[in-house]
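Here it is: the structure, laid out below.
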Amino acid sequence: MKVRCVSLVAAGLLTIAGSAIGQPAPAPMPAMAPAAKPAMNTPVDRAKILSAPGVFVAFSTYKIRPDYFKVALAERKGAADEVMAVLEKHKEKVIVDAYLTRGYEAKSDYFLRVHAYDAVAAQAFLVDFRATRFGMYSDVTESLVGITKALNYISKDKSPDLNKGLSGATYAGDAPRFAFMIPVKKNADWWNLTDEQRLKEMETHTLPTLPFLVNVKRKLYHSTGLDDTDFITYFETNDLGAFNNLMLSLAKVPENKYHVRWGNPTVLGTIQPIENLVKTLSMGN
Amino acid sequence: MKVRCVSLVAAGLLTIAGSAIGQPAPAPMPAMAPAAKPAMNTPVDRAKILSAPGVFVAFSTYKIRPDYFKVALAERKGAADEVMAVLEKHKEKVIVDAYLTRGYEAKSDYFLRVHAYDAVAAQAFLVDFRATRFGMYSDVTESLVGITKALNYISKDKSPDLNKGLSGATYAGDAPRFAFMIPVKKNADWWNLTDEQRLKEMETHTLPTLPFLVNVKRKLYHSTGLDDTDFITYFETNDLGAFNNLMLSLAKVPENKYHVRWGNPTVLGTIQPIENLVKTLSMGN
Amino acid sequence: MKVRCVSLVAAGLLTIAGSAIGQPAPAPMPAMAPAAKPAMNTPVDRAKILSAPGVFVAFSTYKIRPDYFKVALAERKGAADEVMAVLEKHKEKVIVDAYLTRGYEAKSDYFLRVHAYDAVAAQAFLVDFRATRFGMYSDVTESLVGITKALNYISKDKSPDLNKGLSGATYAGDAPRFAFMIPVKKNADWWNLTDEQRLKEMETHTLPTLPFLVNVKRKLYHSTGLDDTDFITYFETNDLGAFNNLMLSLAKVPENKYHVRWGNPTVLGTIQPIENLVKTLSMGN
Amino acid sequence: MKVRCVSLVAAGLLTIAGSAIGQPAPAPMPAMAPAAKPAMNTPVDRAKILSAPGVFVAFSTYKIRPDYFKVALAERKGAADEVMAVLEKHKEKVIVDAYLTRGYEAKSDYFLRVHAYDAVAAQAFLVDFRATRFGMYSDVTESLVGITKALNYISKDKSPDLNKGLSGATYAGDAPRFAFMIPVKKNADWWNLTDEQRLKEMETHTLPTLPFLVNVKRKLYHSTGLDDTDFITYFETNDLGAFNNLMLSLAKVPENKYHVRWGNPTVLGTIQPIENLVKTLSMGN
Amino acid sequence: MKVRCVSLVAAGLLTIAGSAIGQPAPAPMPAMAPAAKPAMNTPVDRAKILSAPGVFVAFSTYKIRPDYFKVALAERKGAADEVMAVLEKHKEKVIVDAYLTRGYEAKSDYFLRVHAYDAVAAQAFLVDFRATRFGMYSDVTESLVGITKALNYISKDKSPDLNKGLSGATYAGDAPRFAFMIPVKKNADWWNLTDEQRLKEMETHTLPTLPFLVNVKRKLYHSTGLDDTDFITYFETNDLGAFNNLMLSLAKVPENKYHVRWGNPTVLGTIQPIENLVKTLSMGN
């Protein structure tokens, strides 16, 4: 199970040399809905959706209500099948990743990451999920939405050397067991810098991160105006010490002075097949 | 159903060339209550109320309580009819728009936007709505009230060129499926600027927004003193990427430095006929 | 009913020319408890208590718990009588005003304003109120206490012209249907100004408000040290547009820069006879 | 009952001329636990513990859960006896004061102040209290702990004149019926001042308070590092107007600029024998 | 029982002269998971795991839900055995310390500190703990995770004299009965100082703490990026007055000006064998 889980997720993350972050931006950004919609009856192509710009994402954290444990155990045992049926129903429109946060977080027991070409499809899945037995007993405690976009700053054109450094860094650690979801918001002074000034700060930000990319994968979502954050940063790693050092290196650059939100929450979970996760959280007498 | 929904709402939004935003202000602002009250037995004229100044609005977000799903399904199936009857009862005084937020928001499952010439009529509707089965099982999680006013800054007189730019911009996207409700509050330094200084900042604010108006509709409500916000900004779009770019352009002007609240919450919902919305949130066993 | 309501409340508000705000301060401020206690068996003199200094006030907002609607309707129909009996019991010590906030506010369904010469009498009433059926199903969501004091700044002595302006302004609108409760707290820089500096700021604050007094009544309570606010400001109006303009004029003076709290919450309610309010919130099946 | 209550509490408060605040500090501060432990089988000496340094205090505010009123009235009538038995059990180790906040506060119905020479004894009492029927139906909503210390600044040595002024001020009001619990926290700039600078600020702070000591008693607890506050200030008065004026005088000195917390919460209660308090909050059908 | 408790915990804390804090850093920091994993079938070596770098820690605070007291007392009496069985199951992977906070804290009744070489093992234990009867009735109210690292600043190389001072300080108080968990977060200005500047500030920070180490033990966890704090500081003492003085000395150095979080929460508990703690919180009728 663990192996299946890791392989499912690994496809969803770019090694830094991957196509989306490194690729040139498509000229005008396409509208959310119609772009690159897959044909009917086919599951979403996971590798493709995870590397495309213009993709919608919804992160949501959930806490199981205590009265779930008053539901008969037999009934709780059917919870995973019901959730899997909903996944099957929506597989042509969304991909779903699941993470167990119980033990690490106070405000959640698990979180979901849902990607879709169309934001309405993501909502449709999540509405159906909440109508399952497991979903009914889950309170949503945090929700963040965003979209993927082509690389803004450290592109081939604007910052060729660093872009090459990023492209050359390859993840070489064990299959990641941990994921982080960390929102980031910057203040008005940041957004009022010129493009050149922001580029310079992002170069200073990027340089010290290169040594850590061998141990940490990352993906970026844009949320300005879509939610109360500018970015949702997402990481996978198997080495929490390396991740701590990466984050310290990001704390030590001037760009950090423009943050008004970095975390709040910082959500740590273990990467899990959703079936496992539902079973784990449905046990107990 | 979807088509009916969209057409209902489209009337409620001004393309930027529309009458209310562009029209000259009526000399003294009328008192809220008696102005332009419609004749008895006639539904409120939707196009008219949505373009008039001096109109009261109440936005409220709701979360379904978990025990709603312990109500017998047969009873929940009657919920939509009961809500529609309340709408019918109040149709001479209020118009009501509904939005599904489940899947996008943690603190709500849906929100309502209620317009009325008289704030007491809006309250009367909302009190009756809360007394329905569906309303009883809905917790109000956020509420913001405001009023419409004639255009303050970018008027024909004060800023003729930009006013012309706004008037020339016409929404040309697909029927919007998404709506945003975003409160905005400014600090004391902003309000202590002279009228001329604020006009200048608003011109700088308006210029970069023009290219996006083809994809985003917007409406502004004034709340200073009526609630803990200065403005409620409301948007409809079918293109989340364009909306993100619009909001980025607004982040990059100096006016942003005066914000003490921009969002908190940013509420995203899909535009829904209220009947559909009630049915969607009443399903599940 | 509505008429009775309005007349009850109108007495509780000073037109600006009224006695309390304009009258000279009694030499030393009297202790809260014994001052001007009414004779036994007589209801509190409403006009007198609402214009006297040294009076205690408790504002409290309430939200009906959802399980109230599981109480039999017959029993809920008796709720208003029970509340009226408690009012009768305490009528020699307190006056009570009630406001319906449902539909306007997320954190409350109604609020009460209780005046008493003795703070213990106000508590005694509120404890008895909470022991009624209606009170038991009401959660207190906000509570603010204060006292009335003689005019501090714009007095006959200190600022004769403005004092005359205030005295000359008379409320001339329709009977107010709306009330606002808005806490105000100022920072240490404000309190460290000299008396003369604060007087100057308050004159600048007062001047632009004069034109609005024809449409807005107001009353001020002092809370420094008694609660986490310096002032509780209370307003009645029938014209929400005029009120918005009044508040904008107060935002635009330098005194606003000293605010650390202005609202949070801003509570808007419709003025209601308490009997009506209890009945309104007790309906539903 | 009221008389007994007042006399009980009056012993617990220093008139400013009292022994603890005015007395010279014992050379090294003793460890919390063993110091001055009373002999077995004897109630704690109230006057002594309330004037000694090195005493532990726990303030905790409580809110009765609504389902308490679904407990049979007969059973609720036994609640006070059960609480009194717990007090009896712990009388050799702790003294307990009780305050009714219902009607004044939203987040609590009452609060307790527990003094003990040993912090473990305070916890033992509070654990037993929570295991009573009344305690089980009480949610703790705020908790603050601290210790007493000898006078820091306005001592005989450091500030002889003001120390004499404090010693000369004697409470001369009616028996206090009201108590306030107000946490105070200062910023890093304050703590980075030299001892001399802080002494100077405290002298400026103390001088204007002298005239109010005739009407307000006060006691100070130290909490830096023990809790999220630096001090817990506690007051008793029968004159809320005088207390408001005292707090205004403290707002007007430069020391106020160093506050990051002053209140939040400010808790006002009436001083009550605990037996009365439990009975009052156990009534209702 | 108390004796067993103290001895269990004492092993988990470094006297300042102990090996971990004083020892030279291992050259590159090892990955979290595989380092120093103990052989199968053997309990974790407590002394070793508490002095090693690269160890994962999860602190979590819990509040018992009120309905626990509606569970039959007989059933609650079995709660401790069930928890002990879970501890036994995980003893090869984790060590667990327990602290009773009831009476001192509003947001919790107890907290756990879990150490593991592998963060997944810590989660596995905490998931099983939550599935016990006692865990099911416990709401997690705060959760903080971190890792141990070798000494950063006051090392033999960088600050030899202070390092010697730390090494020479030995805890000499009674067995500690109290523990504190206090998160610390620093601002971007701090992290943008040079290494030399931060070292200098930490030297100024360390010097005044030396006299208190005879009465206070401490341990440091690093959390930047792993959670919404930079550090989790943990203390044990039997002398709350000395602890207060230690924290005051830390407030008075310039490093304090860089704090954006110091506490929030400050959690105080008594050190307890977990079996005792479960029994204490399971009593009541």
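Letters A, B, C, D and E mark the chains as written, and numbering starts fresh at 1 in each.
In this section, a residue touches a chain if its C-beta (ideal position, glycine included) is under 8 Å from a C-beta of that chain, and two chains touch if they have at least 3 such contacts.
Labels paired with UniProt names: A, B, C, D, E = Chlorite dismutase.
Note that the structure is predicted; figures quoted are calculated from it, not measured.
Q: For copies chain A and chain B, work out whether under half or over half of the interface numbers are shared, and give different or same accordingly.
A: Under half shared, hence different.
Q: Could you tell me the distance, in whole angstrom, between the mean C-alpha positions of chain A and chain D?
A: Here the centre of chain D sits 49 Å away from the centre of chain A.
Q: Need the CA-centroid distance for the pair chain C / chain D, whole Å please.
A: Between these chains, centre-to-centre, one finds 30 Å.
Q: Which residue numbers or ranges of chain A touch two or more of the other chains?
A: Nothing qualifies.
Q: Linking chains that touch, what shape results: line, ring, star, complete or other?
A: Basically the chains close up into a ring.
Q: Under the stated contact criterion, what part of chain D meets chain E in this complex?
A: Those residues of chain D that touch chain E are 29-33, 54, 56, 58, 60-61, 65, 119-120, 122-127, 130-133, 136-137, 139-143, 145, 147, 149, 188-189, 191-192, 222-228.
Q: Under the stated contact criterion, what part of chain D meets chain C in this complex?
A: Residue positions touching the partner: 66, 69, 100, 102-106, 173-174, 177-178, 180, 182, 215, 238-248, 250-254, 256-257, 259, 263-266, 268, 270, 280, 283-285.
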